[in-house]
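Below, chain A partners chain B and then partners chain C, in two separate complexes.
The block that comes next holds the complex of A and B.
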């Protein structure tokens, strides 16, 4: 993304960061305030909209019944797909957003599910209905409506919120058929008869953007345009690192890298509690409306 | 080399045969399926000048993984692209249709696109892009046989090919991956180990500058495991960089002869 900054503006931005001051008044490791809305898409099993500054994303979770893969008969499957809408930026038009979309969806997938789909964040065996025959497949779709930096972190929050909002209908197996036969089943049509989804293991992602010699959390688009390198670190509630993706740029000294990881862990504690609180608040708002 | 390979099963059945838990992949004495110890890399073979028409090229063989990388250019950037006062690096990774146990499909897969992005990100920090303004260098990688750790092999091989083409770089990039099975950290994992892993780490670095150019981590890691894994990878990268350097030296001394 091209941000038109004059030389003076660039200087103001980078020198400020070097002295621990950012142009919107935040400290180096401060997140912008964000808001979460849940259940905004009635057709989906779960959905959320998260706004962080001017960055605005929607995620939806759809569950479909399908056959498990032969190599993993006791697990469901999760697919993550992110789309950058051309309403967010003209560069996203046509195939323009493809690279970014792929980068974001793969980074999310790796953090949530490891690269062979056995990750610790989502309990895939909970998605099984009949082993080897029937399972729930989750399709997580993200849509970037407006972008002002830090897309990956916002998407991770939105995915966590959407999953917490996801209800999977109860399935009743009516005949325990023999091994070769298709099983008969009934999906409960009672809207209150569904099981929730445990999201306590879903990590948050913290992207540390290096500008000059310092690194900052939750960079805006202007700040991202001045980055020398950036690294996204996923941390879960146990304080364990669940995924790291370096987002290009110059090389980093290994000791700086370890520093960045410990900063990310520190920041994740407060972020996780804020995310949980925001999700709770959004849930109670939703209950009031009903 | 063909003796140990599963011949013509479908990918699905190979996956099933490969999915057998960590106990089958590493013996209690710490011997892996191909006889290596956990922290031992696969035997590597590197060669520059594999493709005649290219400005520079390299071939790499790490165990069962075989890749070839050609570098073309610098050439004039396409007219459609905006003016740029630094050079462009155009990276493309593709799998040969016969690279895996199932025949690959024509057209670029998501995996190829992702690998291309990763290759670019791993190299951009190492190439002195300002030395070829307004022009493009093409890096084309072909995975001939996929046998685990494909991306790191492509990365190392590509930096060797760039050096062979005489593109100015700050340092050679060497890369290695590591798989975690339960508590075992297995360096330079094979395909079988990768399928069964519950965590992975890939590190690309410029060894003599002590800079990490790419880092990918999946799975849940404790701090102790993470530090150990990073250290193992850094050490292995340093060793690999030495091997790459001697390969380059050898190829230039051959020219002089």
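The block that comes next holds the complex of A and C.
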């Protein structure tokens, strides 16, 4: 939580970044260490908590049965909603966090799902039960408990972890439905009968923050306060760019933009493997406790 | 409210209203200064006092915040670490300032502005940039303090320098100092030290 930086501290920060050594000793492209916890909300279909430095977020996935959209009868729906808790930072008090919450929700939706709901992250056709009549709707909610910069990246990791933890119960259709009648169905209560998600296609988001003439990965709140612009790039395991969001008032030369995208691609490789390793470690921890 | 200023040359002058109005040219909001607390009043206002020229505006370094109860009460708050070319100010409020040692910066005798109560030593060194070696030392010290704070150990120069030396001798990179391995290593060192001295853990 940054109260305010004196002119001398700001200069120290920007000089350090220009020299390649940040205030906590990290290089320009180093991520902070993060920890993942799964299944922290037992009533949800899937949940995760991710802590990166002092940034702390919780995500949960709830699945409900509903009608699919008429234009897309063989696909379910996914909605993402992020909320910044008023206690996360002083500027979130009251309704101060609403703008940021909306921005984060839109950015995540665009990067993971794309505007019309289809996208790389989740195979929506796996959510159908009866084509045209019944489908699973996923509601992904995120809560920012504490903010020390880089919220978008952490939320993307948390969404990926929550999806990996999600179990959809099996639905048995007991009677075939005629054209307008409602189908009879039974939802299995057996926890072993749940089907999970394959999250290997879910991208991670790398936010590159431009301070002066250099860009850094995983900025703390101090560093974000000195940024001129920031680009968040969603990259999946195949190295493809799934979404780009730009923040900040300064404009960027297109060549700089292309360079930042290639940097993000490079960094995403190690981040994806770290995220997968952390999620697997969290799963085995959870299995040990059961 | 301004009581008295030290002009360069060491002359002291009583306040005038003009001085109070011109304070903004010396200090602005969000400036970081070191001072002594003279008194805390019942309405919550604090009277600060800069007794000598070593107090004043802080530049060329970074601030580390730790819980105040971890700071050991010592006679001296200003520490100079010659081997690292770094100065440290350990405040009782948990704010620890680490900066490049003043004599390691090339001095510029022409710049002798009035900076309120700080005279020659800590002047407005806008044009000084810190070498990478000194910056690395500052980062390493800052991380040593963060490690001690995370482990809940008492913070004073001996422990800080001890952690600093341990990280160098074990070849730990600065950014890895905040990772779990180094924290465990420091905790084990402290545990073995305490059992050797027969402290009750």
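Here, the second predicted complex is superposed on the first by the 287 of 290 C-alpha atoms of A that agree within 3 Å, B and C clash if a C-alpha of one lies under 4 Å from a C-alpha of the other, contacts with A are read in each partner's own complex, and residues count from 1 in each chain.
Basically, a residue touches a chain if its C-beta (ideal position, glycine included) is under 8 Å from a C-beta of that chain, and two chains touch if they have at least 3 such contacts.
The structure displayed is predicted, hence computed values, not measured ones.
*Asks:* Aligned on chain A, chain B and chain C: do they clash or fit?
*Replies:* Aligned through their shared chain, the two binders fit side by side on chain A.
*Asks:* For A:257, decide between first (touching chain B), second (touching chain C), both and neither.
*Replies:* A:257 sits against chain B, while chain C stays out of touch.
*Asks:* For A:245, select first, second, both or neither according to whether it touches chain B, chain C, the two together, or no partner.
*Replies:* first
*Asks:* Which angle, in steps of 10°, is spanned at chain A by chain B and chain C when each chain is reduced to its C-alpha centre?
*Replies:* One gets 100 degrees for this angle.
*Asks:* Who does A:106 touch here: chain B (first), chain C (second), both, or neither?
*Replies:* After superposition on chain A, A:106 lies in contact with chain B alone.
*Asks:* Looking at chain A, does chain C or chain B touch more of its residues?
*Replies:* B
*Asks:* Applying the document's definition of touch, where does A:287 land relative to chain B and chain C: first, second, both, or neither?
*Replies:* neither
*Asks:* Looking at chain B versus chain C in the superposed three-chain picture, what is their shortest Cα distance in Å?
*Replies:* Nearest C-alpha pair, chain B versus chain C: 13 Å apart.
*Asks:* Where on chain C is chain A touching in the complex?
*Replies:* Within the complex, chain C touches chain A at residues 28-32, 57-63, 126, 129-130, 132, 135-136, 139-140, 142-143, 146, 173-175, 177-180.
*Asks:* Which chain A residues qualify as touching chain C in the complex?
*Replies:* Against chain C, the touching part of chain A is residues 3-9, 11-13, 15-16, 19, 21-27, 30, 32-33.
*Asks:* In the complex formed with chain B, which residues of chain A make contact?
*Replies:* Contacts found on chain A: 69-72, 99, 102-103, 106, 110-111, 114-116, 118-120, 229, 231, 236, 238, 240-254, 257-258, 261.
*Asks:* Chain A touches which residues of chain B in the complex?
*Replies:* Residues 12-13, 15-16, 19, 110, 113-114, 117, 120-121, 124-126, 170, 194-195, 197-200, 205-206, 209-223, 226-227, 230, 234.
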